[in-house]
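Presented sequentially are two complexes of chain A, the first with chain B as partner and the second with chain C.
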Partner chain A sequence: MKRKTLTAAVAVTALLAGGSAFAQVPVKLGVLNDMSGLYADISGPGSVVAARLAVEDFKPESKGIKVEIVSADHQNKPDVGSTIARKWYDQDGVDVILDVTTSSVALAVSDVTKEKNKIFMISGGGTSDLTGAKCTANNVHWTYDTWALANGTGSAVTKAGGDSWFMLTADYAFGAALDRDTSEAVKKAGGKIVGSVKHPLSTADFSSFLLQAQASKAKVIGMANAGSDTINTIKQAAEFGITQSGQSLAGLLIFSSDVKSLGLQAAQGLKLTEAFYWDQTDATRAFSKRFAAAFGGKMPTSAQAGVYSSVLHYLKAVEALKDKDTTKVMAKMKELPIDDALFGKGSIRVDGRAIHPMYLYEVKKPEESKGEWDMYKVVATIPTEEAFRPLKDGGCPLVK
Partner chain B sequence: MSSGTVASEGADEAPIGAVQQTGKSAKKLHGMIFIGLAGLLLIAPFVLYPVFLMKVLCFALFASAFSLLLGYAGLLSFGHAAYFGMASYIAAHAAKVWGFTPELAILSGTLVGTLLGVVFGWLAIKRQGIYFAMITLALSQMVFFFCVQAKFTGGEDGIQAVPRGHLFGLIDLANDRVLYFVVAAIFLFGMIAIYRIIHSPFGQVMKAIRDNEPRAVSLGYRVNQYKLALFVLSTALAGLAGATKAIVFQLASLTDVHWSMSGEVVLMTLVGGLGTVFGPMVGAAVIVTMQNYLATLGAWVLVVQGFIFVACVLAFREGIVGLFAKRLKQPL
Partner chain C sequence: MTMIFGVPTAALFGQLLLGLINGSFYAMLSLGLAVIFGLLNIINFTHGAQYMMGAFASWMLLNYLGIGYWPALILAPLIVGATGIILERLLISRLYNLDHLYGLLLTFGVGLIIQGLFRNQYGVSGLPYGIPSQLTGGQNLGFMFMPNYRGWVVVASLIVCLATWFIIEKTRLGAYLRAATENPTLVQAFGINVPLMITLTYGAGVALAAFAGVLAAPIYSVNPNMGADLIIVVFAVVVIGGMGSILGSIITGFALGLVEGLTKVFYPEASSTVIFVIMVLVLLVKPAGLFGRTA
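Let's look at the complex of A and B:
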């Protein structure tokens, strides 16, 4: 009897072992962002939808990969974000964390990711420090960063005559980085910064800050903030008559969802830099229609599109390797060229920066718009080589 | 306590401690609970996720420290986040920038919690009841805005990537389980200290002051000195918890000094059982577990917490452990 059991056990083990030779590579992706707060419209649940669409398009089952997606809300708090990241990596077997809006949280998650040697693909987070002074071998910064935005909007506006700036900055990592990068871009283009003020994250009342900006007599008020903070600034600036009195606003990080909620009447003429807009090419239109169908009729923002593309790129690397070992996958992702339907051609640099073209848009006037979501027109295309901070300037220790 | 809602609440709880004196059988029971607790702490990391357990332990110590003040002196401090959070900033800064070993970082955090307690306590105990609570809240809000603006705290970013380091320069704390046992030891030390404080002659005097302050004065006790001493003990232990949390999570952030943290610790204490030694830790475990496992609900966690609080107040005002204490007819 005993022997029989033993034989059976051996047989079962052998079967299992044999089976594993054909087993699929299981990968688990974690979408971590602000699901309910001020950045929920920029990424939020829409990023989870984007990740699902990417998996759907990749058809992983036929390529020997089994994908599972989890998601969580970091409430824009670094401690909540790092706790979730730690738990995901330690306990839930998550291999890649995606998106992570709010730079302070992104930096915290980046630390945890490095410690646990997993992969972190940032789309919603903005600070250029993620691929600069604080870069790690585990980060891929996909969609945009503060340098790219400052470079696009800052220099374009300065060159168009807005040569004195007042900076209105959100008081955390992203705001500081955006402020710094914009100031550099403005000075490089021949303008000057006449003053700046910091406001707390998620502020409802901007009146005291806007009055300071108004008193500075600067031609341009640069808004180094994002999400509902930017929306509130723009609305209240209109109420204070700032825009009517000749000072203009420069939105340094404005997503299409922000313009949508502002309305074209309030946002018209605003210049902004983005990596992706739904109405760019046939491919982006096709993707955006599918996305809208799956997400209550809303078009994707660039952060959400970035989640889609980064998932595809990661899965391609896993497919090529038939393995999910972090070091190998990171090497493969940096080796494979990006040829993306949404972001165009590019690559991932050694510091983790994914490079692709960026676009300078202007928000259309209400009479120019042909539909609910027809909001931007292209002013300029910033080619891949110029769109992001040169490798040597970032101060990333990985760049030798 | 003479006036205010806080005093009446304290008086409500009084029978548990006052009527049933801590007799021999109670002492035996407490000894058994402590041994059981130590055993539980020993097994737990092999069953549950150590980082989660460490979070529970930090908050359990924090809640117990808070409850020392509310439960045994009837002083409702609505600003305990200040000591917890400030200690966590100092510990993080000491470990990261000054390169302190973790035990020294935790000690320096605790020291700052203590000093802050001396200053704030000295100011706050001059008033009673609701005014006392409001003063502590105001002072803790000052600490919060100081932390928002101060350079070394990193504003909204907090102090990130705090090294866990080597305990005494020898034992590497990078391993979660190793760190867990250090945290468990700190927690047990804190709990035993609280237990000793409560059951010392000093603790008896505190209870006397809580139950009838004028009588304590007439007996010749310098009431304010006793109150201040207990206040400082409580803030020191809260600081110990905060400093430990900074090392565990390698992060000190505004969440820890925000007033909602002060509120959370009141919630933990009330759910667990006011005026009990073991209640606050149970309350902390319940609240932290809820936050952990309901995290997918996002902001709705707060709503669920609110419901639990309401249910708790309506159905069992003594809290979870208070209920057991009533059943067993023994102080817990």
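Let's look at the complex of A and C:
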């Protein structure tokens, strides 16, 4: 009885609200990522905070939009991820899924999103297939991808003299894509790949793989892995005297949270490609301080910043349309230029790739650092036009 | 260069040695599990979390109190062992009369809670913990560069494993313990405080896990999930060795480390599954495990 009265009350209120002012467009955003495993510091609960900050900044109520955010843990398992995505779309009325670290899960969610004709805005996920061979009209890949990382770090290191590579690859979709894209970038820059080894995701002991890399006599060991896998690799490479013996490590995907955990002593000199670092501009510093205040003093990673910016871009499109129809919103998002406080100027291409500048950073030496979070210095800026895979090379069927 | 199956022998020796090092962790952890299961009949799923607590305890000792690695090697197991005793007294002791499953569920749940608390406080990326200055650097063995610290891990773990085995199998205290498992009522009738002995045994098993955690802190990432990743493998080791068999768990731990090391050379993709394949094969042939007594 009570419930009936309540429902009636809600219905009446909705009618009144609808009749009096303007109709609110209700949108529901779902942040889906690794909330507890090896990638939880890269995106995890921080991405939910980033999405909330974006909604706070956009002030959707004043623009006729009502936003609700939900979140879930996909445990790095594609089956868990696609089940949650399906439930969100079918039963919970979620319109957009955000973030999705772990490429294998991202590819699964991409399939579900296409089937349900909803929107998928990837930030933490890395494989360039999401806007390449496996692209859909429902994907926007915001922050980075494996091609951009390979192009940034791979080419820079090869051109600086590291012309023979041994690849240490995480054995799943992301590692495979990063391995492939890096091999291409290295060869294009005049280097060669002399060997590779695939390790299972979330490995504790890398010494065996590192010895194989050492035996290959390659100048550079390319780490096509992420999160605590990369941290363990770097820690143990130092222990086995790999870096001292003249081989260098190239971190293909390193987030600021990883460097923080390693400490500058262990990570100094590493080159890495990132789309976002907190200490870039006044705008990124301001955002990052706010983020840190809301998230236990931790600065945002690029994946978390990407969630913030993609939410803003989506809401802008919905505001312009006063509608959340998938096809219309996707068209609008691709039409609106990106002029983002965190990622700079850019746009979303027809294959769903959001393009913006990328940066090649080097990790500072301990004596260069002025504070706990002062970790990177810029080596080069990769302009928007060169930062991402050319449209024609991706093999995306949407590109004609 | 001499080759075996297309792999240079030198590289192979290196990999075997590394396998032995990983095997020491398996041996220490499975030993703790075997002791606890053998004497308490509890399948201690909190073991992974307690291993992690050992690593965190040494990090906390260093960062909050300035106490270094060597004292931590003693202190951390004592501290974590004490938390184990509290856990046993408060919760586990209530389950001795019930089916194994209850103990498993309780310890599994407690393990998840502990992991969650640490994750909430420290994140998942891990904390830096350096190798003690006496053990940095390494030896060139000709076929590989052997970090001193890893050598120390093998030695320390062998000592601890053999000492545990000796205490349980060869001393009077060990005889009481074994007798108490067979027939607690009778042993109690001789004036021995069986519940106290059981509590202390659990504490000792937990301390073993924490000791392994301290040893692991300088080489593996100190993060809340470090135990969860390892414990599943360690359980497979215990099952292969035979639940409750002390010597079996030590030998199986080292042996499986070697097998895993070899897999990393010949077919790295399978290195995380090879132990489970062996487990299946062993259970098919010897359901009680290699060294287990048939139930």
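Simple rule for what comes next: the second predicted complex is superposed on the first by the 380 of 400 C-alpha atoms of A that agree within 3 Å, B and C clash if a C-alpha of one lies under 4 Å from a C-alpha of the other, contacts with A are read in each partner's own complex, and residues count from 1 in each chain.
Everything that follows uses one rule, which is that a residue touches a chain if its C-beta (ideal position, glycine included) is under 8 Å from a C-beta of that chain, and two chains touch if they have at least 3 such contacts.
Here the structure is a predicted model, which means the values were calculated and not measured.
After superposition on chain A, the partners chain B and chain C are seen to clash. Once the two structures are superposed, chain B and chain C can be ranked by residues of chain A touched, with C on top. By the touch criterion defined above, A:173 reaches chain B but does not reach chain C.
Judged by the touch definition given at the top, the superposed model places A:209 against chain C, while chain B stays out of reach.
By the touch criterion stated above, A:200 is placed in contact with chain B and with chain C alike. In the overlay built on the shared chain, the residue A:292 is in contact with neither chain B nor chain C. Contacts of A:69 after superposition on the shared chain: neither chain B nor chain C is touched. Shared-chain residue A:77: touches chain B; no touch with chain C. Applying the stated contact rule after C-alpha superposition, one finds that A:399 touches neither chain B nor chain C.
In the superposition on chain A, A:232 contacts chain C only, with no contact to chain B.
In the superposed pair of complexes, A:36 makes contact with chain B and with chain C alike. Only one segment of chain C in 45-53, 225-233, 243-251 or 279-287 runs into chain B in the superposed model, and that segment is 279-287.
Residue overlap on chain A between the chain B contacts of one complex and the chain C contacts of the other covers 36-37, 171, 200. Within the complex, the chain C residues that touch chain A are 8, 11, 14-15, 18-19, 21-22, 116, 119, 123-128, 131, 138, 144-145, 147, 149-150, 219-221, 223, 225-226, 229-230, 261, 264-265, 268-269, 271-273. Of all residues in chain A, those touching chain B in their complex are 35-37, 71-73, 75, 77-80, 82-84, 86-87, 90-91, 103-104, 107-108, 111, 115, 171-173, 200-201.
Interface of chain B with chain A (complex): residues 49, 51-52, 55, 148, 155-158, 160-161, 174, 176, 249-251, 253-256, 292, 295-296, 298-299.
By the touch criterion stated above, chain A contacts chain C in their complex at residues 36-41, 44, 171, 197-200, 202-205, 207-209, 211-212, 214-215, 227-228, 231-232, 235-236, 239-241, 245, 257-258, 260-263, 265-266, 298.
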